[in-house]
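Below are two complexes that have subunit A in common, paired first with subunit B and then with subunit C.
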Partner chain A sequence: MTEEINQALKREYEAGFVSDIQSDTFEPGLNEDVIRRISAIKNEPEWMLEWRLQAFRIWQEMEEPEWAHVSYPKIDFQEISYYSAPKSMADKPKSLDEVDPELLATYDKLGIPLVEQQMLAGVAVDAVFDSVSVVTTFREKLAEAGVIFCPISEAVHEYPELVKKYLGTVVPQRDNYYAALNSAVFTDGSFVYIPKGTRCPMELSTYFRINEQNTGQFERTLIVADEGSHVSYLEGCTAPQRDENQLHAAVVELVALDDAEIKYSTVQNWYPGDEEGKGGIYNFVTKRGVCHTSAKISWTQVETGSAVTWKYPSCILRGDNSIGEFYSVALTRGMQQADTGTKMIHLGKNTRSTIISKGISAGHSNNSYRGLVRMGPRAEGARNFTQCDSLLIGDQCGAHTFPYVESKNASAIVEHEATTSKVSDDQMFLCQQRGLDPEKAVSMIVNGFCKEVFKELPMEFAVEAGKLLEISLEGSVG
Partner chain B sequence: MSNWFGQVLDRADSVNDWLSPKRQSSLALLKERQWPTRKTEDWKYTPLHALDTFESGLPAANEAAPSEFIADLAIAGLDSIDLIFVDGVLQSAAVLDELPEGLSIYSLPDLPEGKQSDVLGDFAAIKPERHLFGLINDVLATQGLVIEVAAGATILQPIRIVSAINNSTEAHTRLQVKLGESSSLAVIEQYVGNDACFNTGVAEYDVADNAQLEHYRFALQTSAAMVVGGSHFKLGNRSRLNSTVVGFGSQLSRVDVDVHHAGEYAEAKLNAIYLLDNNELFDLHSTIEHAVPHCITEENVRGIVADKARAVFNGRIHIHRDAQKTLAELNNRNLLMSNEAEVNTKPELEIYADDVRCAHGATVAEIDKSGLYYLQSRGISRAQAQVMLSFGFINELVDQMPNQILAEWLRPQLRERFANMDVK
Partner chain C sequence: MLSIKNLHASVEDKTILKGLDLEIKPGEVHAIMGPNGAGKSTMGYVVSGREGYEVEEGAVTLNGVDLLELEAEERARAGLFLAFQYPVEIPGVSNLEFMKAAVDAQREADGEEPVSSKDFLKLAREACKQVHLPVDFLKRGVNEGFSGGEKKRNEIMQMLLLKPKVCILDESDSGLDIDALQVVAEGVNSQRSPDRSFIVVTHYQRLLDHIKPDFVHVLSDGKIVKSGDASLAQELEDQGYAWLKEQRAVGAAQEQSA
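Take a look at the complex of A and B:
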């Protein structure tokens, strides 16, 4: 059985093609000049450059974190190129028709509905290719509703007061090593602002792709939902198949003001490296949201890619009655390593959080859940429920759980439970005895295992996530 | 780095006895060790600054402790073999001459030369290197016991080992316990001390195939006392361990428990209780290593934390690649009695084998409001209802203690502690 599964697991990475696109790429290396150059290319105002340089100085004094349950060779930050842009971007396309057809073909291959499909899908897309945002669709339609959805490099020019007010308030420059690095060198990303009382008329979506060799991708996303507003945001990622490891260090900041709601969904499918663990993306991401009074932030993630994942989407429940949610499916196979989870920081009264984490490990991979639930002294009546389940497929993989629970309030209730099991022989027997082949049976069992999380995803994404899982464990699981 | 730690390193060099080869290797490890800070994962929630100002006082010279002091240490109704250390010195060694058949006990300094190489081989072999105070005990413990149970022997009387501090400020005792095949033994470790004492107690238990060990560790000091150390077990094929740890918490109170499943079909049942009040701190770190298939671990930890006290629990279960068919469960439940109290708990699972059943759970909450209401509606005062409910919560584990005489001795102490707890 295990042997069959392992065979099936050795599938190819479908998004592993390289697009032959002329691009401007910086020489590898990192110093203040590189940051000044990035800033100059983006024609940034002085305050933005200052902010970057400040972050860079902080970063230089910080040490790389080593506490995660992953191992990888030390990253040489001087060997990475910090900027790469498709050449045709030099004179920015005014509309979709002007975008390099090769680029559009790339997105087409990836199945991103950049053109007509998105009309049907009703999804507004901001596509980030290497370091720059290529095209943002549906801007006018969104503008009618007062919603701002644009590359963050544009937002710096067009909405400086909003960017100034919120950038770095949730994830400060000195938050952690990779967040500091990102603050110094981030090249693009999305900016979203939903005005008071507005329900964003469509799902917003960003697609990230690393194309160039030896580049790192450092995007920064900032979403501000003003009082009583609502937005659902989707994010997807891929990268070509290369032998070298590439770094992806993104920062996502969410601000949900009073009564606002942000739903953030990710399907992460960066190149995971080959069977021997050669190549692949290092996905070191900082994602955090702040909830003001009665606001709600919901993170849903499906993680199937990356060689090494280090990612903890978190909620700071600052306002009373605010809600944080985290739903995650993390699948590792081959030599992949994932250390992922969430932090729920309960500060306000009657704050609530739910954590559902499903880890699936196969092959020689290691999959860890690492979470923190903190009840502050003022978190009267706060409530948390955490459930982490792990499923092991094969006897060469590992599944780990490291939950931190810190409670400083007597009336707060924290519950954590975790289980680990394998696809049991009984389950397999039952399914096979009903006429399903072993592969279908495993697929059903795993799907059932992840159901609680998939049902949280927006419909189009749920389909994609299901498919991704299916491909990832092709023929045997999914 | 604390002053005291600097002194330890100096002092350790002057300790010279038959254990010196092992002491030297532990000392070498200690010298490389950074003094823990808040960033040290093992000590994240347990600050050691009390040791910064701690005045070292070497154990007083061989001087018999007052008899009333020793009389106070007795447990009523318990027929046990009592070995009492006061200020690190073994009192009334006469008991060693009349031991039941199959049991041998030696005082560490008086170990016959013929036995020394065996004990030297076992010393610090079960206790993992990572424990800071374990290493400190390695280099400083000149007093202690070597206990051996012959194969097949069943020792009916429990052995009670008390490490008490009366006049001096610190004591470092060591137990090396070895159970032969199919033998059975009960050991009670008791740490007692005055207000300003510092006590490290380390015990290593080698439980051979089919043997059974019943174990208790009581650290019921409070206020400014500091008591650290740990009990470390290695379990052979089909052996059984039943361990109960009870702590009241103090300025610094930390227990490290390690269970190493080295033989198949072994079973470990671990219970731990902590009751904290005032500014006290109690820290329990347990690590269960499942290195072989078919073993069972069941761990239940419960605590009540009142006033400004802080409880820390870290329970790690590590299932190695070969340990298929393992059953391991860990449960930590906490009652918080005040908004200034704090619980930091971290149950960890690290699993490398697929055919296992593992689960852990942790909860932190206050006393059930509807339960309180129910009792109050029956005319019971709120304070009394609170004591009843919290006592019941803990008593479930006390009831599970195999030795009910010990349970009887423990209950009034628990009850007194509940009654004094600040109820909000």
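Take a look at the complex of A and C:
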């Protein structure tokens, strides 16, 4: 039975194609000049360049972290190219008609049509290709509601006050090694601002695509939800199938001011490498949000790709009565390694957090949950509930749980539940005896296991996520 | 309809079935009785193609189709249904979703379109009622948190929806109180028809009071050692299985002297 399941788990990576697009790509290497060049191409103001250089100096003094339960060869940061953009993007296309059709075709092929009429109704998309944003849809419509949704490189010019006020306030330059690197070399990403009391009229989403060889993708996303506002945001990611590893080191900062609510969902499907572990994306990402009084941030992630994942979307519950949530499905197979989880930092009174983590390991993969719940001295009446479930498929994989709990307030309550289970022969046989083939059976059992998390995703994407898991598990293209 | 000939099968290198013969015609109900360890459950698993059960010799055909050549799911789609003695839970997968996938898999094999969600919901609700399960069981995970009796009734509900040609009920009466037993029996009786056959595996006479078998067989040490009509079940109830041991001892002695 294990053999059959493993067969079912082998699969094609359907986003693995390469687009034939002429690009301007920097020579590999990293030094202050490279950073000045990135800044110059983006025509950035002096303050932005200074901020980058400051980050670079900090990064040079830092050491690569080694505490995660993952292993990979040391990265040579001088062998990576830090900027790559389609040539056609050099003179900014004014409208979709001017965008290189090959670029649009790439997104079409990935199932993300950028022509507004063909898009999912009610979803605005920012499409980031290697180092630049290609197009952002529905901007006018959003502007009517006062919502700003644009590439962060544009926001630096158009809304410098907002960017200056919030950039680096949640994830400072010196936060960690990859965050410092990102601060120095970030190229694009999305910027979102929701004005006071506004409910964003559409789902916002950013779709990241790495295409060029040997380039790293360093995007930076900043979302500010002003008092009493509400926004739901989704990001998706894919990359071509290549033998070399590629680095993706992103930073996402969320600011939820008083009574605001941000729902941030990720469907991560970077190229995971082949069965032997050759190639694949190193996904080293820092995501964090800060909640002011009575604000709420909810992270939902479905992680199925990447060779190595190192990612802990976190909430700083600064304001009283604020709420943090983390719902995660992480699927690893083949030789994939994931070390992922969250941090819930309770500072304010009566703050509440919920963590639901579902790890699925198959093949020879390793899947770790790492989470920190910290109750600060002022966190009177704070509560956390954590549930970590691991599902093992086959007998060659590993599931690990590293929960950290720190409580400095006696009235705070922390609950932790953990389970580990296997897809059993009995379950498989029941499904088969009812006429389901083994592939369908595995995907059904896994989907059932993930149900609590999928129901947190926006509806259109819950279907997508279910399909993605099915594709991951079925080994079929469809 | 279902023909089992000289079936020898083993689990983990231990031979359990040692020349089982069984011929079942359309519309018949056969009861298989016998002591613990005789191979009753093994028979169900071997016929339905469970992984780990090796067929060493013999043939199993369903309406002329060689079942042993087919995967478990193909046998199911060919019309073979096994009601489990201990139905397993599949958390998070709703009964409704599970059964629709099963029914659609069968329809696909028959070259039919999937049933519409609306139509299926109607069918599933009716099936629920028939086995006295509240309709909200359709929304619950497959067998998740069900009592023993509810699990068994859920199996019968699945049978009602799949409308198989041959049903093997593996001790569907074990652990049931008299009310649940009646529900299970009613479910089975409602499905008796000239083109559907049943194999009822049980330890006890009491299920057979509700499901009247056409034939009763005694399975012992991997083969059928005695067959008769419904009265045989009563005989077994009165005498127990001790006589089997004596018979076996005699058989062994004869073999040795020969």
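In the analysis below, the second predicted complex is superposed on the first by the 455 of 478 C-alpha atoms of A that agree within 3 Å, B and C clash if a C-alpha of one lies under 4 Å from a C-alpha of the other, contacts with A are read in each partner's own complex, and residues count from 1 in each chain.
Note that in this section a contact is a pair of C-beta atoms (placed from the backbone, for glycine too) under 8 Å apart; a residue touches a chain by one contact, two chains touch by 3 or more.
Everything quoted here is computed from the prediction, not taken from an experiment.
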item: Contacts of A:Leu430 with subunit B and subunit C, given as first, second, both or neither; value: second
item: Subunit B versus subunit C as contact partner of A:Lys74, first or second or both or neither; value: neither
item: Touching partner for A:Ile445 - first (subunit B), second (subunit C), both, neither; value: second
item: Set of subunit A residues, in rising order, touched by both subunit B and subunit C; value: none
item: Contacting residues of subunit C [partner subunit A, same complex]; value: 48-52, 71-73, 76-77, 81-82, 84, 86-93, 97-99, 101-102, 105-106, 109, 141-142, 158, 162
item: In the complex with subunit B, residue positions of subunit A that touch it; value: 67, 69, 375, 377, 390, 392-422
item: Residue ranges of subunit B in contact with subunit A within the complex; value: 41, 45, 321, 324, 334, 336-366, 424
item: In the complex, subunit A residues that touch subunit C; value: 1, 4, 424-438, 440, 444-445, 447-452
